[in-house]
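Look for chain A in each of the two complexes below; its partner is chain B in the first and chain C in the second.
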Partner chain A sequence: MNSPKDILTSRQLLVILISTVIGVQVFIMPRLVVEAAGRDGWLSLVLGGGWALLAATAAAYLASFFPRQTPVVWFSHLLGKWGGIALSLGFGCFFLFVAAEVLRLFTDMTQTYLLPRTPSEIIMITFLLSIAYVVCHGINPIARVTLIFFLFGIIPSIILIAVFQGKVNFGELVPVLAGGIAPVIRGFLPAYGDFGGWGIIVFLVQFMDTPKEAVKGTAVGMAVIWLFFMATFIITLAAFGPIETQYLLYPVVDLIREMEGVGGFIEKLDLIFLSAWILSVFVTLAVCYYVAVLAISQLAGIKNIAVPVYVGLPLVYLLALLPQGYKAAEGLVGYLNYTSFIFSLSVPLLVFLARRKIKQGGVSDGEQT
Partner chain B sequence: MEYKAKGDSKVKKPKKIERKTHRQEIYEGNLNQEQKADRELWPDLTHNIAVLKGRLGGSPDIVFHEFVMGVDEIEACLVFTDGLVERAVVTQDILRPLEIDVPMLEVQSEEKILVDIDGLVTRLRQRAIQSAEIRKEKKFDVLIGAALGGGVVLLYGDQEEALIISAPGWPSRGVEEPSSDTLIRGPRDGFNETLRFNTALLRRRIKDPGLRLESAMLGKRSRTEINICYIYDIVNRDVLEEVRKRLKKIDIDAILESGYVEQLIEDSYLSPFPQVQTTERPDKAAAAILEGRVVILIDTTPFALIVPATFVQFFQSPEDYYERWLIGSLTRFIRYIASYLAVFTPGLVVAAVAYHPGLIPTKLTLAIAASREGVPFPIVVEVLLMEAAFEFLREAGARLPQSIGQTIGIVGGLIIGDAAVRANVTSPLMVVMVALTAVASFAIPSYSLGIGFRMLRFPTIFLAATFGIYGVVLSFILINIHMVTLKTFGVNYLAPFTPYQFSDWKDLMFRLPWKTMVTRPVYTAPQDLVRQKVADSEEGDNEQS
Partner chain C sequence: MGNKHKKPMVLLVLALLSLALAGCWDLWEIDDRGIVMAIGIEEIPPEEVLQTQGLERQLIESTNERALKITYQFAVPSGFAGEGSSGGPAYVNLGTTALSSEVRLRGLISTQSSRKGDLTHLQAVVLGPEVCKNGIYCVLERFIRDPGVRRQISIFVTEDDVAQVLDVNNPQEPMPALYLVSLTDNEDWANRMPPDMQLGEISRRIRENAVYVVPRVAAGENSLKMAGGGIFHGDRLVGWLGELETNAYRWIIGEVDTAPILVAAPGSKGPRRTEGYLAENTQSIRSVEIVDGQIKLKVKISTEGTLVERQIKEVVWSNEALAEVKKALANRVSMDTKVLIKKAQEEWRLDLFGFGREVEKKYPQLWKEIKDEWNNLYFPGALVEVDVDVIINRTGTKR
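After this line comes the complex of A and B, so read on.
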């Protein structure tokens, strides 16, 4: 189904994974987690990130059983025809919603910080058209553009947060577990949800020549993201404290604002930071949208992806416009987190099914190792 | 057999020829007629001469020198283009032997050697003509091509074959220092308009038997010779095959400059970025050949084409490699910064002033506001005005003779700039910014890439004016998407930036010491990767002992 040109290396997969998962949610992540778990949010992040890492690695392991086969095919193989179709459709719709959600959060943030008087529709349409430009070229240009943006946008941003020098008080982190274990459990879902983008792995491994490497790449990538989110959360909490963090709309942006400009030449670092972050959001949106379109067009048996890409654009646009106000837009995040969690629960089941099939010798192309 | 003039066939043709095929008709009418009657030589000298005269017309520069040679008084005729052949060669090495020496030989040896063409060829090769190349030919087309391309055609007796003796000698520039690609340190010789000189300059640098030249003729009417140069055991075969394929597809009337070929073989004609590198420097061409690339030399132009040409290549100057690596790295890095400045500075200025005054320090914001107080235009108009003014100045300066060009520089740059600021048409900051962008765009060694960047500046300004810094980032995104989808002869345009090819990063943003650059670039996929063997001192000692 894929032309032989569509080949991903394990390094590209790693970069795509990191760039996609560290998307737009990172800006509101500390607030969401603190709202649910308070000061012990970092424990929730440990649990949520750990679970996401396990799920993603298991998914990569699962997908590596079926080299160069589309998930649409092997879902049906494992779950029967209708089960497979349902799961593929579920993935497709999930990523369509994720794309819409990312677009909405991005637009809201752009409006807040960069373009207060520009209508959000214009921002959305320009952004979506640029996305379509790269997505209809397929996975390879997406991968290459991700590598570029990773180099110029994402790595500097990560470094920026890592070398944060502001008023940090790590005393905000203690006492640990003052409210018992319950807040940590409550914070689990929002914390896990920040890693929800791992699902792209299921659909990206099919492009790899050596799918076995995907497992390692995924594990490393998720670990990097995990560490990065933990660091961001802890620094944010240490800078603002659990109460203030709850009232900041985009705590991470405010964190960057705390930093004084380098050498006084650039007054506000957050603008530079935000413009670099647009690149990251672009990648997140492009990959999510690509996976959504890929899942649905593979299900429908459409080989040329360009038409579905443009047909899907208005859909994402409308979905993104649907929620009224910030609160409603963020409410959608909760539902997506649930869905993602359900997907993560289905992975062990699928792995179990796949192993059984292989033992029975039912998988013809699978590498039986 | 009467020679039919061109007009005859036209008369026969029905007059209802559609206009669009008119040109083709002339072409084919010509060809058909040849095919019908006179494709090959007849055993009749007068007729052959008549055919040639008819086909070549009565142009005064084409010389038909009829003479008689030998004791048998065999009639012969030399056909050549005056000015394209070396006169001395024609008189000394061709005419003299034919008219004097050969007949004398004949008399002395008392054998009639001038009976058939083979005998004549042998004799001429052995005894008489000291020309580089002699060959036999039957076809009129080839003979005419030779006569027009610096060859001398010898029609002789009532033979069905003629001789082509090459004696090229046309007005040509000597080997001079190239006017583009100038260096402070490096060889001073440059390509010129004569293909053979250029190949010689390459051979002087690479005395490897693996260096191969492939000749081809392009252009139906111009018949321009081109040479594809590569090293047999290094070149990437796929690229070479692709070059051959694309060159074969070219069917145009004339190739007047390498730009014709470049634009006919490039991958995307919509792109603002050059996908074929051009150079006037033989050392640069040689370096490209040694990296496994293919160089296309074209007669009548000093510009050689290098393919595949990736984005990073346009940032490289031969001097990066000739100077010590720290200097090379610094200049290389400066060029990358310059490229960003050239594209994004005006856009960023527009975005900062119009949308995000917080981006720049408060004092500077105030200074800008103060300097723009009297300026009646919004910032976008001001920036566009100044950028347009700069482009006018550049274009005017580039086309004028050098002495006047300098005047333009002074009048435009100094007087108008200063007066415009005083007249409140623009603010001093804009002058600084335009100058900065201009200088930055000239800091890129490749002229065509510099122009590409300057073109991209304008959409960026528009996007910045509409969307502020988001527009600038959008422009960056779009440019990048365009570049990652671009390919040049099967190689990714952004290689080795992406896909990451870390071993090639030694020669990317920085140029690391020669000792570390042990391999040729991996992304061009040469057959032989080893560039140098870094001798371990211990190993060397062991070998010697």
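After this line comes the complex of A and C, so read on.
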């Protein structure tokens, strides 16, 4: 089904997961969460991140029942032919939309801070073409590129936020639950939506020779992301307070802009940070697009994904350009969050079905391959 | 090289050459940038702007806008000290007036400047008293929104003429913008300056409708003086904090780094002799408590430091003398802070010190009810308790 060279180790899976889930939404996340939950947004993140961690780990566990099998096949085993097709198509379209959304938000942010006079079409087309080149060659090159970018782009960015020096006041976190539990629940969806990229796990485990390891890799990866998002949120809140955060378009970028390295000697770290972040967005976009193309081409029975990769590019480009203005583009984030949440609800159901089928002996499990 | 390699090589060279083209098309050379170092903003009566006649007058859309006079301080790179220095001035100030918006003014200033204005290196904004009284949000908004402008720009208020502050001729630091910023670095050394207030911080305070203090500068003959501050509520200037008041203010908000305090030495005769104490490590904890339905504001200041001056001859190394000095110091700090809190309660009726936030932390439900009337009613009516604890760690090189 897949060419034999397409092998992922669990470490590669971990790195891909972290780099993909940390995309562009983290830049606006504190604003969306604070808007809904106020000071208690970190509790929303605890809930949202916890739920995403459970969903992702369960999805990896589920996929490990079917080593070296594409979800397109085992979705149909579990849900019947049409249910399987619908779910695969759903995943494919979801990641296509995610890719378009990531591309759009990234372009808008780049134009705001880095390339104000470059037309957005140019940014999008160059980005898409370089992604297409990697995606065409399958999961292995993606995994290696991700590892390199992880070392040079994402780790420095994480360190930069972790060692944030500036005027922060962690007293901003109290009082806790002053408005009761309702705001925390309201903040759940925007908080959870940040982790929405976990869905790639469903499609990536098929490349692993030892899929049982995927569960651990996924859990560790999601935990790292969870911590990172929590830290980002708490530092942003501590630096700006709950009111100003709501008014900042990209609170995390403004956080980096407030930062001064080495006693004020280095300033404007946002430029370095954003340049490094391009690598992270590259990975997010590449993996999301790859999963979308993979789902749809496996569904259609196309072996060579190079053709669908190039056919799909204009689609992503058009979808990314579709919303009029930044506000409309960001409004779509809400819909994607809902969709991702529905997927996460379907995972326990699928696990239940899979266990029942295995007990009945009706499904090929690990031993049969 | 074989012939079959020729074509790819040519293509490669062409591809590499094309790299050199990228990125140049929107290049804005440093020599062509008019780097704005500081901006001074003051409000003027609209009549001064509305003097034009005919169509020009019609094209100024509205007469109901605020009129501003803005001074831009451009850096003159050839005037900077260094080998290539021409010895000329390091800056040039260009001023212009128009209605309300800085965006309009920027276009206008380009009619005078040889280079287009570039705000990415902006260091300081000086606000005049009129513009502060009428609200600074609409003036500063444009800078907060601009991604090219840093959030760390220092903001100052002045009671003098803004243009005069930006045109001070100081031999130590030829560029007034940098001179201003370097003064803020001294705020840990001289407690008469309030802590530096930056654009991002002000944006936040305005959103929270908070009370805060912005450093005040005054222009002298060939120097500036930064001391005291303007008290802002939301985005309006509502009062001035004096120099010694600022000193007490910093004790309360716990921003004392290395501050000297002086007390009269006990038992000195004739002209007053003093003891000088340098605080090296100070903490101030503000809290609130509700006692019998009465809000009580508590300030607990604990400070450790060195005795740096003692103008009477008796040695300080005795338990009695040390205790006496400590007591005098603590009394001094607690008296100063109490008087300032009292003034804030009675005269300004503004919670400068952030006690409201402490109420919110401790009694969130109560805070929801009283927050609208906090400055007006509850803060002025609250009891105050100040507790100062002084520890003298060292006494310099004498005993």
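Rule of thumb we're sticking to: the second predicted complex is superposed on the first by the 357 of 369 C-alpha atoms of A that agree within 3 Å, B and C clash if a C-alpha of one lies under 4 Å from a C-alpha of the other, contacts with A are read in each partner's own complex, and residues count from 1 in each chain.
In this section, a contact is a pair of C-beta atoms (placed from the backbone, for glycine too) under 8 Å apart; a residue touches a chain by one contact, two chains touch by 3 or more.
Since we're looking at a predicted model, the values are computed, not measured.
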Inset, instruction - Figure out whether A:Thr210 sits in contact with chain B (first) or chain C (second), or with both, or with neither. - result: neither
Inset, instruction - Please tell me which partner, chain B or chain C, touches more residues of chain A. - result: B
Inset, instruction - Report for A:Tyr133: first if it touches chain B alone, second if chain C alone, otherwise both or neither. - result: first
Inset, instruction - Mind working out whether A:Arg11 is in touch with chain B, chain C, both or neither, as first, second, both or neither? - result: first
Inset, instruction - Tell me which partner A:Thr118 touches in the superposition: chain B (first), chain C (second), both or neither. - result: both
Inset, instruction - Please identify the positions on chain A that touch both chain B and chain C, taking each partner from its own complex. - result: 118, 267-268
Legend entry - Complex contacts: residues of chain A adjacent to chain C: 112-113, 116-118, 167, 171, 174-175, 178, 240-241, 243-244, 247, 254, 257-258, 260, 267-268
Inset, instruction - Provide the residue numbers of chain C that touch chain A in the complex, in ascending order. - result: 26, 147, 150-152, 200-201, 203-204, 207-208, 357, 360-362, 364-365
Legend entry - chain A contact footprint on chain B (complex, rising order): 355-356, 358-362, 467-470, 472-474, 476-478, 480-481, 484-485, 492, 494, 497-500
Inset, instruction - Sort out for me which residues of chain A touch chain B in the complex. - result: 9, 11-12, 110, 114-115, 118, 123, 126-127, 130, 133-134, 137, 141, 143-145, 147-149, 151, 261, 264-268, 271-272, 274-275, 278-279, 282
